[in-house]
Amino acid sequence: MVLMSELPKIEIKTGPGGGRMAGGAAAKRMKFSIDDLHAWYGSHEVLRDITLDIGEKKVTAVIGPSGCGKSTFIRTLNRMHETIRGAGQSGKVLLDGENIFDKSVDPVLLRRRVGMVFQKPNPFPAMSIRDNVVAGLRLTGLLKNFQADTIAEKALKQAALWNEVKDHMNKPGGSLSGGQQQRLCIARSLAVNPEVLLMDEPCSALDPIATAKIEELIRQLREEYTIIIVTHNMQQAARVSDKTAFFLTGDLVEYDITEKLFTKPSDKRTEDYITGKFG
Amino acid sequence: MTLQTRNISGETEPDPSKPTAGGRKFHHKAGSFAEHIIVWFMFACSILSIFITVGIVGVLIFETISFFREVTFAQFFLDTRWTPLFSSKHFGIWPLIAGTLLTTSIAIAVALPFGLLSAIYLSEFAASNVRRAVKPLLEILAGIPTIVYGYFALILVTPFLQKIIPDLSGFNALSAGLVMGVMIIPMISSLSEDAIYAVPESLKEGAYALGSHKLPSIFQVVLPTARSGIAAATTLAISRAIGETMIVTIAAGQQAKLTFDPRVPIETMTAYIVQISLGETPAGTLEFKTIFVVGFSLFCMTLIMNILGQKLAKRHIGTTE
Amino acid sequence: MIRINPKISEKLFVALCVTVIALPLILLIVLIGDVAIKASERISWHFLTSFPSMKAEEAGIYSALVGSFYIIVLTGAVSLPVGVGAAIYLEEYAKKNLLTNLIEINIANLAGVPSIIYGLLGLGIFVHMLNLGRSLLAGGLTLALLVLPIVIMASREALRTVPPSLREASLALGATRWETIRQVVLPMAIPGILTGSILSISRAIGETAPLIPVGAVAYMAFLPDSLRDPFTVLPIQIFNWVSRPQEEFTLNAAAGIAVLLVVLLTINAGAIVLRDRYQKRTR
């Protein structure tokens, strides 16, 4: 049986001099160091001068009113933002000390270290549940056929979905309920063995019970993964995160330990937002 | 733009003793007599389509029944020779069906890969100005009359192929099949493109977010999700190829033969109908009725394919399979 | 299994796709080129105005040209009113009931019936049952039935481009349904209907198969005088020449094809120009 941690750690650089990741065991405290990040769609600037550090194996919440740039922000972290026509970014985002925007970095390989779960669950309808879970490995050519069942089981257990689907592994991915589909997508992302999990409003399409299950899941996953979760639900941010970042019209207004940000915010705008004066 | 309005009565003050203001009635159906006639005419035009189908089925079945009064089912379905015009008459349908299937298979063998790759390229790789230029060009392929394709197959393709395949006969299934395939490419390409376009963007994003490159996402996610639409396109293309007449009549030959060798002359169901229609066979004879029997078989085959194709086009993957 | 660099395999794949798209188009150019070269040896005023003959150099396309013209006029005269009428009924009046469903399924299926079958229909009904014989009339009616489904579908598409709000506004003013159609819907939809119909009917110009069982003859040394006369059309004449073993007739076939393609191109281009003109006016 192959343990997921035995799967090769993926180099994100291609070409000569692709850097060995320094000090794997002595983990850097800061998973992401973001410096002066700007992002735009065409001529419309969406993020301005964002600078912050994201802690490793912590849950960081990103909150703010609609249109503040929070989704754009996490989409720059796995370089999905630039896949949209006319979209671009500048600045530095260091993942374990290496700038992900460097020319030698292959975005495809980056995404194998930084996974993403979307707002609306998107399991692949033409695949069974089992195939959905291991899809990431099969798409990247890393799957050996005899591993599929083991990897799927482990990922589904991590995503707290195993017991519900273990007798239905051959059913199509779209046959589950909304909450189950989202956990399936989480399992699918985890099967690739990423270090970071980006979650873009993962519960906004789900009912409260499914939401609670996923929040519980996030608390468990924190022990192995760095999680960044965008949410428009402030109570959710307060429940699951260690630190919270508040964005407003493209600026990072405040970034602090969650408890402090929600009880004694430093910025008046933060206070206005969390007390419901706008947004 | 003026609209006719109902005549308002000349009174300026509505009479309170009358139930309706201005004396207008709205109890009789509005519209003149002429309008009713027009609507009935249009209704008749719509119903006509049903009568056309009834006509087709009626004509074919009538002669088919008449045919089977003289020829047994065993002769039709079990004989492997089709020689209604020879002195020793055989009425086994299989040589004609084999001819049709042979040319159709060759056509699909060309059109499916070419059409599918075109669809993938146009929807996933091509820049929009390339798409806008190429799509009409492919449509032109579909708009060329089949008689022109027939000329092409006989006069250009066969001599060319004869240089590569020495024992290729002057009339053969290969040339006709290849040219038919070219004609059908736009059908498969455009319907497959629609199917691929209908795959939600969120699925492609999901694949990229897992660290997938473009080709694996196309072949493992997009195409499987679009497979019903692609199957529908192929089925309709098969139906088209089965029903094609001029290309095979001109280039494939008029010798009914039960074979799957693409190098020899054969005869398709459609070519046989042409052969008899152009010939001297008098109407009302058994030999003449054969064109209706063959026509009926052809009709059934294409009908099944069309129904299958429409069912496949309506299928949505993933939740009900 | 050897791992190929994914970027390289993507480039190879795109190269394959481009080749695959280019091949049929190149074949098309070769075909047109061959036709043009061969046709140039035969095309002349004499060719266009002579009747067929046993001698290739003297054979002309006159009777076929005139026959095609007559047949298209006949086909259009029948299929246009019937097709547009059916389209209007189905789009504007028909309720969603079993009968309407049946009609629509029928139309969709008829569009997929092989054209030779329409020839058999024409033979059974027009030639024999209605006793029209192997005549221009039988041929025109057969072709009209063939193109009817696509005329209906194209007209319905054009009618659908008229926004429902316009119909509602007209009805709210007290107009009847037919008045609404005649004065509001049709003026907006006519350009689309015309373009669609012209394109559908122009396909009939290139049709060979349905006219064969109905009796289009291959050798007509005179013009049809009445609807009951025998007839020939361009594609049938081309078919006849292609079927002759003598090589000189190949040139005739090519010339005939050239004429056919020019006619088709002109009609299609005309229809598209018409549509663009009208679209500019109603914007």
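Per-chain residue numbering starts at 1, and chain names A, B and C are given in the order in which the chains are listed.
The working rule: a residue touches a chain if its C-beta (ideal position, glycine included) is under 8 Å from a C-beta of that chain, and two chains touch if they have at least 3 such contacts.
Quick caveat, the model's predicted, so the values are computed rather than measured.
Engineer: Centre of all protein Cα atoms: which chain's centre is nearest to it?
Structural biologist: Smallest offset from the overall C-alpha mean is found for B.
Engineer: Between chain pairs A-B and B-C, which one is joined by a greater number of C-beta pairs in contact?
Structural biologist: Ranking A-B and B-C by C-beta contacts puts B-C first.
Engineer: Going by average Cα coordinates, which chain is farthest removed from chain C?
Structural biologist: A
Engineer: Using mean C-alpha positions as chain centres, tell me how far chain A is from chain C in Å, no decimals.
Structural biologist: Computed value for the inter-centroid distance: 56 Å.
Engineer: In whole angstrom, what separates the CA-based centres of chain A and chain B?
Structural biologist: Roughly 49 Å separates the two chain centres.
Engineer: Nearest whole angstrom, what separates the Cα centre of chain B from the Cα centre of chain C?
Structural biologist: 15
Engineer: Quick check: what residues of chain C touch more than one other chain, meaning two or more?
Structural biologist: Residues 6.
Engineer: Quick check on chain A: which residues sit in contact with 2+ other chains?
Structural biologist: 108, 141
Engineer: Got the chain B residues that touch at least 2 other chains?
Structural biologist: 213, 216 - these are the residues of chain B that touch more than one other chain.
Engineer: Over in the complex, which chain A residues touch chain B? Could you list them?
Structural biologist: 10, 78, 80, 83, 108-112, 115-116, 118, 120, 122-127, 135-136, 138-141, 172-175, 185, 188-189, 192
Engineer: Write out the stretch or stretches of chain B touching chain C in their complex.
Structural biologist: Chain B residues touching chain C: 1-6, 30-31, 35, 38-39, 41-43, 45-50, 52-53, 55-56, 58-60, 62-63, 113-114, 117-118, 120-121, 125, 134, 137-138, 140-141, 143-148, 150-152, 154-156, 182, 185, 213-216, 236, 239-240, 242-246, 250, 270, 273-274, 277-278, 283, 291-292, 295, 298-299, 302-303, 306-307, 310.
Engineer: In the complex formed with chain A, which residues of chain B make contact?
Structural biologist: Checking each residue of chain B against chain A gives 200, 202-203, 205-213, 216-217, 220-221, 224-225, 227, 317-319, 321.
Engineer: Enumerate the contact residues on chain C facing chain B in the complex.
Structural biologist: 6-7, 9-10, 13-14, 16-18, 20-21, 23-25, 27-28, 30-31, 34-35, 81-83, 85-86, 88-90, 93-94, 102-103, 106-110, 112-121, 123-125, 128, 145, 148-149, 152, 170, 173-179, 183-184, 203, 205-209, 212-213, 215, 218, 235, 238-239, 242-243, 250, 253-254, 257, 260-261, 264, 268
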